[in-house]
Each structure stands twice: as C-alpha cells, then as structure tokens.
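Everything below concerns the one structure shown next.
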Amino acid sequence: MNASSLFTFDAVAAILAIPVVAATLLALMPGYKVTARVNVAASLLTLVAALCLFVTERPEPGRYLLVDDLNIVFIVLNTFVGFTTSLFSASYIAHELETGRLTPANLRFYHAMYQIMMFGMNLAFVSNNIGLMWVAVELATLTTVLMVGIYRTHEALEAAWKYFILGSVGIAFALFGTILVYLAAQPVVGEGYDAMVWTLLVERVADFDPALLNVAFIFLLLGYGTKVGLAPLHAWLPDAHAEGPTPISAVLSGLLLNVALYAVLRFKILLAASPEAISPGPLMMTMGLASLIFAAFMLYRRRDIKRMFAYSSIEHMGIIVFAFGLGGPLANFAGLLHMVMHSLTKSAIFFAVGHISQIKGTQRLSAIRGLTETHPVLGWGLVIGVAAIAGLPPMGVFMSEFLLVSSTFARQPLLAVPLVFGLLVAFGALLLRLTGVAFGQPRGSRKPADASYLPMYSHLVLVLIAGIYLPPPLVAWFQHIANLLR
Amino acid sequence: MTSVLVMLLCVAALLATAALAVFMARSKQATPVIYGLSLSIAAVAFATGLVQLVSPPAEVPILMLPFSLPWLGAHFRLDPLAAFFLLVVDLGGAFASLYGLGYGRHEHAPHRVLPFFPAFLAGMNLVILADDAFTFLLSWEFMSLASWALVMAHHRDAENRRAGYLYIVMASFGTLALLLAFGLLAGPDGAYGFAAMRGMDHTPLATGLVLVLLLVGAGSKAGLVPLHVWLPLAHPAAPSHVSALMSGVMTKVAVYGFIRVLFDLVGTPAWWSGLLVLLIGSGTAVLGILHALMERDLKRMLAYSTIENIGVVFVGLGLALAFKDAGMELAAALAMTAALFHVLNHSFFKSLLFFGAGAVLTRTGERDMEKLGGLIHRMPVTAFTFLVGCMAISALPPFNGFASEWLAFQAILQSPDLPQWALTILVPAVGGLLALSAALAAACFVRAFGIAFLGRPRTDPAANASEADRFSLAAMSILAGLCLLAGILPGIVIDALAPVTQLLVGGRMPVQTDMPWLSIVPVTESRSSYNGLLVFLFIGFSAWLTAGLVHRFASRALRRAPAWDCGFPQIDATMQYSAGSFAQPVRRVFGTLVFRARERVDMPPPGTLSPARFALETHDLVWEGLYLPIAGAVGYVAEKLNYLQFLTIRRYLSLVFLALVLLLLVLALWS
Amino acid sequence: MVLIRDLLVQVVQMALVVALAPLLTGFVRKAKARLLRRRGASVIQPYRDLSRLLRKEAVVAENVSWLFRMAPYLIFAATWVAAAVIPTFATGLIFSWTVDLIAIIGLLGSARFFLALAGMDVGTSFGGIGSSREMLIATLAEPAMLLIIFAVALIAGSTQLSTIAAFMTSPQVGLRVSLAVALIAIIMVAIAENARIPIDNPATHLELTMVHEAMVLEYSGRHLAMIELAAMLKLLLYLSMIVCIFVPWNIKGPEAGYPAYLVGFASYVVKLAVGGAMLALFETATAKMRVFRVPQFLGAALMLGLLATLLRFVSRSL
Amino acid sequence: MQGPVYFDIAHMLAGGLVLVSMMMLYQDRLYALLNVFALHSLLLTLSVAWQAFIQGAPHLYVTAAIALVFKVVVIPVALHHMIRKLGIHREIETVVGIGLTMLAGIGLVALSIVVMLRVTPEADPLTREDLAFALSVLLLGLLIMVTRRNAVSQVVGFMSLENGLVLAATGAKGMPLVVEISVAFSILIAFIVIGVFLFRIRERFDTVDVGALDDVRGRRRK
C-alpha cells in the first residue's frame, strides 16, 4: 500500500462521501442562495474526485467496491452532468421560487434529495457487489420518485405514482434476478458474500448453471430495463420527465437511465462469458429495436415539449441497447459513444427546454413558436441540440449512428432496415416539432431569458468536438471497454 | 499534398468566416465583409482546382488528418474528378458571393444567411475532398444542414418551413441510404477508407444494391424522380444566390457522389445498371421540365428545370455505364464528357437564371410570372443576361447547353455497338426523350422570358422596377459570357475533362484543341463535328451583313404605332397572353396523362351577365401516389400507438407482465 | 487553289439558297393555284413582295423592345447558316462540318426561339397564342426529327450530311423499311415545321387558326421581309434535306469539277420542282386540322421515327 | 440437516404458498382478500422459519419475524382500517372472470415449473422446488395486480409478489443478510410511500381506486 493507492481509495470514498455529507448539510441549511451554491460546490467536488480516478492508481477490486475502465466512464460522465445540472438547477430553481411553484421547505428537500440521488448513482457505479448495486439503483430511483412529485400538482403526483408502481415491479424483478444469479454462483463460488462479488462471478461464470443464468438475465433485463425505459416497460418515463422539475428531467434522461443501463451491461458481460447460456444479444436487440421504433412513432403526437424529449430518450436508449446487443468492437464502441453523447445532448436540450418553458409559462408545444427570433441564444441552442440528437453532423451522435448503422449492415443486414427506419421516423418527428418551436411567427412571452447558458453550451461544445475529433487516449480506452463488453 | 492542404485551408477559412459571421451578423458591415471573404476564398479554391485539373501532378495528392473516425482519420484526396467538381463548386460559390455583395443588402434577416453561407460552401468543398466514407457523409450531411438553415432563413413563411422540413427529412433519408451503401462497400471489417474500397471485389448482388442505394441517396439530393419533391420547394425558398448555389452547385455535388461511388469505388457494375440509370434519367428529364412548364412561380420553375438537367446528366452517366461495361472506352468517355460538361454548363446557366430571378424578386417583390411583364425595358441588362441563360438552358446553339446536349446525342449514336439488345433498342428511345425534354425546355423558357420580361407590365411593381445593382449585374454578365464561351469553345473544356474520363472510364475523347478551326469531334470528323465558334461568327456576321445591307440599301425608317387590337381596344395589360394560357396547349397534350389535368369551363348561356368560369385541376401524381400515403401511414401508426400514452397503470403493468411471460415462454421453448 | 474552289462553292451555295428560296415558294403557290384551276400569281411574285416590303417603312408596336427589331435578322441569319451547309448540288462544302444534322435542328430551334419571343414581345393575345402553339408543335416535331436523324445516322454511321449522302448512294444501303418509314416521318415533320396545311395555313389571317402568322402579325416592312424570307429558306432547307438524305443522286463530291457541278445543280432544281409540286398537290388535297389534332399528327411522326430506329435491325441483313 | 422429512415440510410450506396465492386469485371481496393475504404471509413466515431451522441460519428468524409482524398483522389490520375509513367498495372489480384468471394462474404455475425444473437438473432439490414455487408466487402476485381494478387489491398483489421474493431469497442457501434486510427495507419503503401516496390521493379524490385516477388522465390528452 503506497501513498498513491491510498489516495485512490480516498477518491472513491470521496465520490461517495461528498454527496452524503452534502445531503445532510443541505437538509439542515435554510436559504435558497446558500443551498444552491453548496449544491453546486458539492457537485463540483464530486466531479473533481471522479477526475482523480484517472490520474491515480486503481484499487484492487474489493468485496464491495470496484473501479475499472467501464465504470470510470460512467462515473465521470455522471459527475460531470451532475455538476452542470446543479449549475442549471441553481438558475432554474430561483425562478421557481419567484413564481411560487416551490417553497423554501421544498427546496431543502429538493437539494438534499439531489445529493442522495447522486450518491445512489455513484454507489451503483462503483459497487462490485450485485446486491449492493441493486440497493444503490433502487435508492436512486426512489429519490427521483420523490422529486418527480415535488410540485404536488395532481399531474405530478400521478406521474410519481405511476413511476413508483412500475418502478417497484421493476425493483422486484431485478431483485429476483439478483437472487437467481446468487443461486447460480453459490455452488461454484461458495456461499455468502463471495457469490455476489461481480469480479469473482465473471472469473468463474463458465461453471455456473447456464439455464439458471438465463432466467436470471430475463428478470434482470426486465427489472433494470424498466428503469432504462425500454418499451414496453417505459410507461413511467414520459410522465416522470414531463411533470417533474426540469433539472430532474435532465438527470433522469442523462444519468439515471445510464445507471440502469450500466447494470444491464454488467450482467450482459457476465452472461456473455458463459459459453452455454443464451446469448443476451438477440433479446437486447429486439427490445432495443422495439423501443426505437415505438418511441419514434410516439414522438409524432406529442403536445408537451418535455414529454416529447422523454420519448426521444426512450428512442435513444433503444439504440444504445441495440448496439450493445449487437456486440462486437465496433457496435460496442458505437453504443458507448452514443450513450455519452446522448447524456450530454439530452441534458443540454432539457436545460434549454427548462428555460423556455419558464419564459413561456407552458410546456405546450403549440404555445411555443419562433424561438430563434425572440430568444436567439436559447433557440439556436435548442436547434443545435435537436439537430445533434437527431443525428445530424458534425455532432457526436452522428459518429455513433454512423458506426452503428454501418456495422449492423455489415453483420446483420436485415436488422439494419428496421434500425434505419426507426431512425428516420424519429428524425422526421423531431425536426417537425423543432421547425414549429424554433421558427415561425413568435408566439407567447418575449421577455428576456434570465438563464445561464454555460451548462447548455458546454455540453453542446463537447458534443461538437466529439463529432469531429476524439482524442486518441479516449478512443483507445473506449475500444478497450468495447472489447471487454464483447 | 500541397494542393489538398490549400483546399483544406480554404475550407477552414470558410468555416472561420462562418464563425465570424455569427458574431458580426447584426453589424452593418457584415454583408460586404462576409461575402467579400467568401468570394476571395472561393476564388483561391477555384484556382487551385483549375491548376489541379489542367496540370494534374503525377501522383494524386492525398492528406490524412487525425480527425473524425478515430482509427480511420480524415482522408482527403484531390484527383482530377475532385478537381473538376471543386472547380464547379467554387466557381459557383464565387459568383454567388459576388452576387450576394449586392443582393445581400436587400436581405432583411442577414443574420440568418451570413453564417450559413460560407459554411454551406465549406461543406460542399469538403464532400468533394473527402476520401473516406465517414468524412464524406459527415460533410454531406453538414452541407445539407447548412443549406437547410439557409432554406429556413425566411422562416416566417409557412411554405418555407414546410419546404425546409421536407428537405431535411429527405436529405437525412438520402444520407442513411448512402450510409448503407458505404456499409456494403466497406465490408464486415469496416474498411471505410475509399482506398480500401477501391481495392475490394464486390459481389454482383452487392454492387446492384449499392447502385439502388446510391440512386436513392445521391439521387434524392440531385432530384431524381420520384425523390425530387423536396427540390422545387426548398431551392426557391432560400435567398436567390443560395437558390443558385443549391440548384446550380449542390445538385452537382450529388452527381459527384454518384460518380465517385459508382465509377471509382465500385469498379464495374452490371450492364443493367446503365439501363436503370438511363431510364430514371430520361424520365426525370421529361417529368422535371413538364412540371417546370406548369409552374408560374419563377424560382420554382427554375428548380423544376434543375430536375430536368439532372435527368440529362444522368442519361449521360447511364450511357457511360453501359459503354464502360461493354468495354467501349471511347464511347464511354464521350458519354461521360457529355455528362460532366453538362454539369459545368448547368452550373453556369442555372446560377445565372437564379440570379436573374433574384434581381427581379428584389426589384419587384414578385416571383409570380403572372404579375410581371415588360421588364426588358426597365432592367435591360438583367433581361439580356437572362435571355442568354434561357437560350443556353434550352440547348440552343451557339450556347453551351447545346454543346453538351449535342455530345450526349453523339454518345447515343454510339449505341449500335452495345452487346445488349435491350440497350440498343432503348437507347435511341431515350434519345427521343432527351430531345423531347430539350424541346419542352425551349417552350418553358420562351414562356418564362416572354411572360416575365416581354410584353407589357401586368402590375405596378413590374412597371416601376429598376435595374439591379452593379454586383448582381457583374455576376450575371460574367456568367452570361461564360455560357457563350463554353458554347463556342467547347473543345477546351473537353480537353480539360480528359484526365477525369481517363480516370473514370479508362479512355478519353480525341484531343480537340488540335482540330482545325477549333471544332469539336467526338470520334472522327466524317461521323460528326460541330463548331460553335464558327456558328456564332456566321450567325453574327450574316445577321450583321443583312441588317447592314437592308438598312443601307432598302429602308431604315421606323414608326411606332399601337398594336393591332383586332377591333377590340385592349383595356389593360392583364389581357395579354398569360403564363397559364401559354402552357395550356402543352398541358392538354401531356398534362392529362402526367398531371391528370382536368379543365372545366362554365360558359353562361348567351344573354346572361354572369362571368364565364374556368377551373383547372392538376395532380402531382408522385406526391399523391407516394408521399401522401407514406405520410398517412406514419400518421396512422402514430395515432394508433398514441393510445399507449393514455393507458391506466394496470394496463401498463399488464404489458410488463406479458413481456415477462413471453420471455419466459421463449426460454421454456427455446432449449 | 483547292481552298479557293471550296470557298467559291460554299459562297455559291449560300447565294443559291437565298436566291432559290422565294422561287420555290412562288412555284408552290403557282402549282397550288393551277391545281385549283386558278391562274395564280407569277412564280417570281415572292421576289416582288420581298423587295416591296424591304423598301417600305417599318411600323412597330409601341411597346416592343430591341428584341422585336433584332429578331428578324437573327432568325434569318440562323436559318441561312443552316441552309447554307446542306449539300444541294455538291457535298463536302467547306463549312459543312461546322454543323451536322443535329446542329441544324438546333439552329432552327434558335430561330424559332426568337420568333416565339418576338411574338410575345408585343404584349397582345395574338402573339402569345401563336408562340404558344408554335412551341407546342416544336415540342413534338423536334423529338420526332431527332428520332428520324437517329434512324438515318444509326444506319449511315454519321450525322454529317455529306457523309450520309455519300453513304446513301453507295450500294450497301439497299432498300430498307426503316428508311421508308423515316421518309414518311420526315415529310410529316417538314410539313409541321413549315407551317403548311394541314398543320397551319400560310395564307390564313383568321386569328384563331393562325400559328405562324399570329406570331408575325405585328411585323411589317423590312422586318416582315426578313421573316418571310427566313420562312421560305426553311422550306427550301427541309426540301433540300429530304433530297440530300433520301435521293442524293447527282450530288457531286468535292473533286468533281465545275461541269459536274452544273449537272448537280440541274438535277437539284429538278428535284426541288418535283418536291414542290408534290407539296402543292398534298396541300390541295387535304384540309387543315384543328390545333389539338396536331399533336396526334406529330405524335404519329414521333412514333414513326421511333419505329424507324427499331426497324433498322430488321433490314440489316439485306 | 438434510432429510426427506425436512424436505417434505419445506416443500409443503412452499407449495402451500402457491395454493394460497391461487386462493387470492379466487377472492372477490376485499376483506376476504386481506384475510387470505394474512394467511399467505403466515405461511411465508413458517416457511422462512423452517428454512432458518434446516439451514441453521439464525438470521433468517429475523426475516420470519419481520414477515410475521408486518405482513401478517400490521398491514392487513391497517388496510382493514383504511377500507372502513375511506368507505371503499368491498367488492373487487375484476378485469376478466375469476375462472379465466384461475386458468391463467394455473398456466403460470406450469410455466414457472417448466422453466425452473429444467433450469437446475443437478442442483439441490430443495432449492429447485423453492425456486419454482417462488417464481409461481411472484407471477401470481403480478397476475393479481393486472387483473384487479381496485387499488387495495393491487397493493395486496404487489405484496404477495414480494412474498415470493422472500421465499426465493430464503431458499437460497447462505444468501447474505444484506438481502433480507433490503427486502424488508424495500417493503417498508414501499409501504410508507404507498401510504403517503394513498393519503395524498385520498385527499384529492376520496378514493384510492387507481382506475379513477387513470380515467382522469385518459380523458386529458397531451
């Protein structure tokens, strides 16, 4: 144990500890300005701690915690978006206080929950124990349930209720799947904690009972898939996005879906390592395509701007799950890249949408027109964001879609047809709505935006750069993970 | 290497100009600065392309930058084909910038045009420079995006928004098709570099699929029927100099993509691919110009005419494919030269015509021909240059349009040596369609010029118009000069195209600059030859001679008098022949079939005072037969699926439950 | 020396076509009159008309532009250039390679383009109606003509009239169905192009039936003279073209020498006379058709042209 | 401690759970449903306790105790109270007929047995049987949730689903305590939050019928 490894351990601990401490503080502290700043500061500190993971040596995987290539990507992305969202949240929440939609008491609750949610997500990423991971994912889910319902309007409560009921069933499924994995591992690895340690499971998975693993995977896929928002398990997602505060929508789309996806991926790796178990690919591809096409069509009839982008998240999760289901270095690379790009872009879009709906006082699409004229910075930001999410270059989503479509075509030509079809249908819907919102005779309030553009544009710039230039170390690293994922 | 670098620097400079435009768009100086910069950069790029084409270096310059796809890098290459198209693009870009210097001052929302204009140019340049699939598609889609933003410049008009939407969706559709084509060519290992694709052998099935995907992908951008519907909406929606770029240049970039993939990357496609391209090309030509003839919006008419010209280009390409497959290099070179020459010519006269239409639009505020008239008196220079453009696009000697169509006809006459019976029989018929489209084009542009510029003004704005500004006039005049030059000295262009045809079909046309009197000879002089220069001189000389003789020896007296009114004094200018009535005979002949046109005349019985009524009903069969059903189907599915948004929680749970049971069943039955 | 001779032949040809064109028109009118049992005007009446028109003052409508005044000369020049390169009595004219058959059609197209524009420049309904119908006819006649050219050129292997004429006199041609079909088609096209009955009536001035005359309604004086002369030239051009392609006998090669040229010239005049007489006969025997029957007539020509390109396979073995 | 008798008893208890689940499917009165659910939980308690005994894992007794206290006593009583207080209809509206539901339930049991028995041919039979029954209970719980329109019965369905989970967890030998606690934890949270929501919903609509709530949504398109 030298100093640097000690320091590393500290980094992991910091990632977990900072949010907990901050949550406690925030729950106790009054005053909006200070709490918002503390929230931002805590998120920034977490981000810094996460970045430390890069420079320092990684700890040996323990019984509970693990840092490897795969989860560093998720952690850094998570803490980064968590930080920018907290920035956005500060300016968003100020406005909510002014209009009286939230009370200061709500706010304390909100900020504390925000940090607990960050804690849950970080814990889910670093946990090496499938039981612990389950607990962490559920913690994050339950905190978001509470935040979705924070406005106490009856739509918000409905949304939260729906989220809660469907989420609970998902929780149950995931737990059952976890138990089954334990049962499969127990004869080989031995009773007790060891049979839940992911690194040990992966090493010995070849000896596990394949059929048990199969059933387990089905439950895990459905259980965590509920949180990923895969069709037909998606029902909670649009409403939760639409009715909660926008920073939470951004976090839901940008981060929570990733957490669930990460869990699915971990088990996918596990199953793929077992030679006799069913390959998880076809299942994931089917659900991915179903989500993509379903969400693409659902985009057309949307009247609420946030709900529409929520469906777009379902669509993109479908793409990502499809990519990982297809497997192979190219598709996995595309899936990873797409996931990162989607998180950045979608949260940027929600940042824009948050300000827009505050200015216009509504989320109805038909009430928002001509944004590029009245609010050029926001409007063009939205245009760039939607263009990016729709897969137009030179944004990063284009690169991942390019890789995915072409590698699909090379490997499973027939699957490329529904994939391209879904992409095109979704594209049509997104651009149709964008045309309505960003252009035309302006409608609604024209008062200037009291917004911080930094979070939105920092995301967009990153996405733009990624579309043109990916630094070689990052690429090598992604490739390594892609190979890890098989 | 250096030339590629220069080109890339030009692209970078254009992008920098775009960025500059974002920040200074609202300043007064923005218009001259941005267009001035674009003009000079495009001129440099044009010069580079010209040098590359005229004296190609022994080794094709390539360059790799560590951008884009990480393990691939961004590859750029500047072979003669690319050089030729760069030349077309940057020449068009330079003229559009020059025109924009004047035209841009009338723009009421310059901040929506200026940033995207240089970006659009940069995108087109990049497409042509790209030497790997990713860079190609990235630039391709970037080009679409930039032009989409330009189409949306006047976004308050609902028509424009609709046009922009249709455009971007079709563009994306095309890109996905191209993406699939590249996916096929790259093979399972993902060899996305063009160099790797060139070296690979592709199965006949793959090449066939690539052709179809290419016709969809590049064809939708170029405007091939039935993927053309966006074009006549989107091109006119943009500011006129952008319309000129989109119609005159961007469609050429699509042609470039088609040529690059089919002739360069695929190698030798099957013989029927030539047939397919020929049929689609000739159909596109005829349908495009028929639409143009029915159109009363000046700019939209020009956009439809672009479709026709693209059809002509594709006929040339189809012939080249067929000849190449049959191993007839010379004939293939002839056909390819015709196609490329027409590409160049079309970029000249279509830019010119759009500039003219733009000048009319700024000075009268009208695009509707029925509200113009008599502009030749108020805008003499614009009218003259527009007339030159009309003659050139109608394929009339001695202008350039004729030279390239003449080459296409000569290529058609090489068809008896083709081994396939289907081709030998069909190619002359295609030639007939080509001739039909040329004749219809003449009718179309007689109508356009005659209605808009001749006769008496039909509205006050037309009567009070003034001549366009000097920048616009300069751009139009130079282009008119180029139309004439390319028409009377086609040999120079043909010789310049030789390295391109050598690259693509492995042959070239005979050296033309050595021919006596600068005539052009496709194969041998005894077969056919044409000398535009002499034709021009002869006509000019004999017209001058006759006029001189008549004026000298016969009479030179002239008197102005009212026109013959047939005993019915004409009350106003609206009683002139209108654009609609001019097109009526053609509509009756062709329109009943192509547009299902129906005319209904309600003639009141004699003695009643109610006015007679004329009602015309036309259908765009492609739109109604293909696009509306697709839109309807998407809407229907969306509507049906939309019920899923409003289910109760219990029903959602049922879905989850069913999914679980289904998966368990699958598992139970699987092993 | 050779160059001078060739130039001389070319100049003679140019002069010849201009000189003969009114005569041909006069001859056709005379023949028609005789067929109708009228005495008719003298065959040289067109010369008199032209010279009278040339000397008269030109009256133009108030509204017209420079295009209206320049058009007659351009139309005449384009038609003249086209007519000047068609072998009449001699092949291998020095400038014959300047334009081939396709380019001749192009030149006539240019002339028509200006004519139609001139019709629209006046700003009345008559000009418009004429231009509109003229362009309709052209849209059908031009492709038909092109197909005929294809049929001929695919057999002769050339679009160069001199080469075609030489080929047609060579023994390898023989009798071909496709050429016969092409002949019929080209006659139909020629009738349409020259505004003859049954497509148009060169003698009418009833507005609603006019095509060519409607366009030139506003022309007078020297302008009208040029237009008329161009129309006459065009008739001569088409007859010469038919003659050159289908009955090219006694058109002498470049090396033939002056006496042979005289023979060629004589036979050319005879051929023209026969052609003119047949035209008169045909025009007398048919009635003018409605405007919207014209597309059917020309459509038939188009189909015949296409048939000719197809049928060339049939007779190839002959 | 692996004897045929031990196995038989575990088998009986787990099988009994499935049977009681089927009984729950049969109920069309709320109070009866709650009573049957209490019985279900009681059986679970016994089963867990028996597992604790044969596995020699004393911590499972804690789980059993939790189940006994919360699910057998507290929750049924609370729900009884709530039904009376809110004046909820005592009858349960079903989506499809009882008979059909029962048939579907039998199908589900068959399915889970097919899936699980094929899964673990050489595994410890106790585990195998337990798993098959646990899966059955889980699926039946879900079936109750999707075939009942009434919110209370949906909650009951969900809890019987959780019972299945607990059965599975305790059947897994040596499963660390963390799981049991988390199960209890999740039930606790689930109950609290459901309670909170029921409270709020009652406040607004005087009913906990989720269907009524959803009907409002259904009419308001967005």
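General observations
Order of writing sets the chain letters: A, B, C and D. Residues in each chain are counted from 1.
In this text, a residue touches a chain if its C-beta (ideal position, glycine included) is under 8 Å from a C-beta of that chain, and two chains touch if they have at least 3 such contacts.
Bear in mind the structure is a predicted one, so any value in this text is a computation, not a measurement.
By number of C-beta pairs in contact, the leading pair of chains is B-C. Innermost chain of the displayed assembly, by C-alpha centre distance to the whole-protein C-alpha centre, is B. Centre to centre, using the average C-alpha position, chain B and chain C are separated by 35 Å.
Taking each chain's centre as the mean of its C-alpha atoms, chain C lies 99 Å from chain D.
Note on chain placement: the centre of chain A and the centre of chain B lie 44 Å apart, centres being C-alpha means.
Inter-chain spacing, taken between the CA centroids of chain B and chain D, is 69 Å.
Listed for chain A are residues 161, 165, 169, 211, 214-215, each touching two or more other chains.
The residues of chain D that reach two or more other chains are 115, 118, 142, 145, 154, 210, 217, 221, listed in rising order.
Per the contact rule defined earlier, chains pair up in contact as A-B, A-D, B-C, B-D. Chain B contributes residues 373-374, 376-377, 383, 387, 391, 394-397, 402, 406, 409-410, 412-413, 415-416, 424-425, 428-429, 431-436, 438-440, 442-443, 446-447, 449-451, 454-456, 517, 519, 525-531, 534-535, 538-544, 546-547, 550, 554-555, 557-566, 570, 573, 575-578, 581-586, 588-589 to its touches with chain C in the complex. Those residues of chain D that touch chain B in the complex are listed here as 95, 108, 111-112, 114-115, 118, 139, 142-143, 145-146, 148-149, 154, 210-211, 214-215, 217-218, 221.
If you check the complex, the residues on chain C that touch chain B are 54-63, 65-67, 69-70, 73-74, 76-78, 80-81, 84, 95, 97-100, 102-103, 106-107, 109-110, 112-113, 116-117, 119-129, 131-133, 135-136, 138-143, 145-147, 150-151, 153-154, 157-160, 163, 207, 217-218, 221-222, 225-226, 291-292, 295, 302, 305-306, 309-310, 313. Within the complex formed with chain D, the chain A residues making contact are 131-132, 134-135, 138, 142, 145, 152, 154, 157-158, 160-161, 164-165, 168-169, 171-172, 175-176, 178-180, 182-183, 186-187, 190-193, 195-196, 209, 211-212, 214-215, 303-304, 307, 364. Contacts from chain B toward chain A in the complex involve residues 66-71, 112, 133-134, 137-139, 141-142, 144-145, 152, 155-156, 158, 161, 164-165, 168-169, 172-173, 176, 179-180, 182-184, 186-190, 192, 634-635, 637-639, 641-642, 644-645, 647, 649, 652-653, 655-656, 658-660, 663-664, 667, 670-671.
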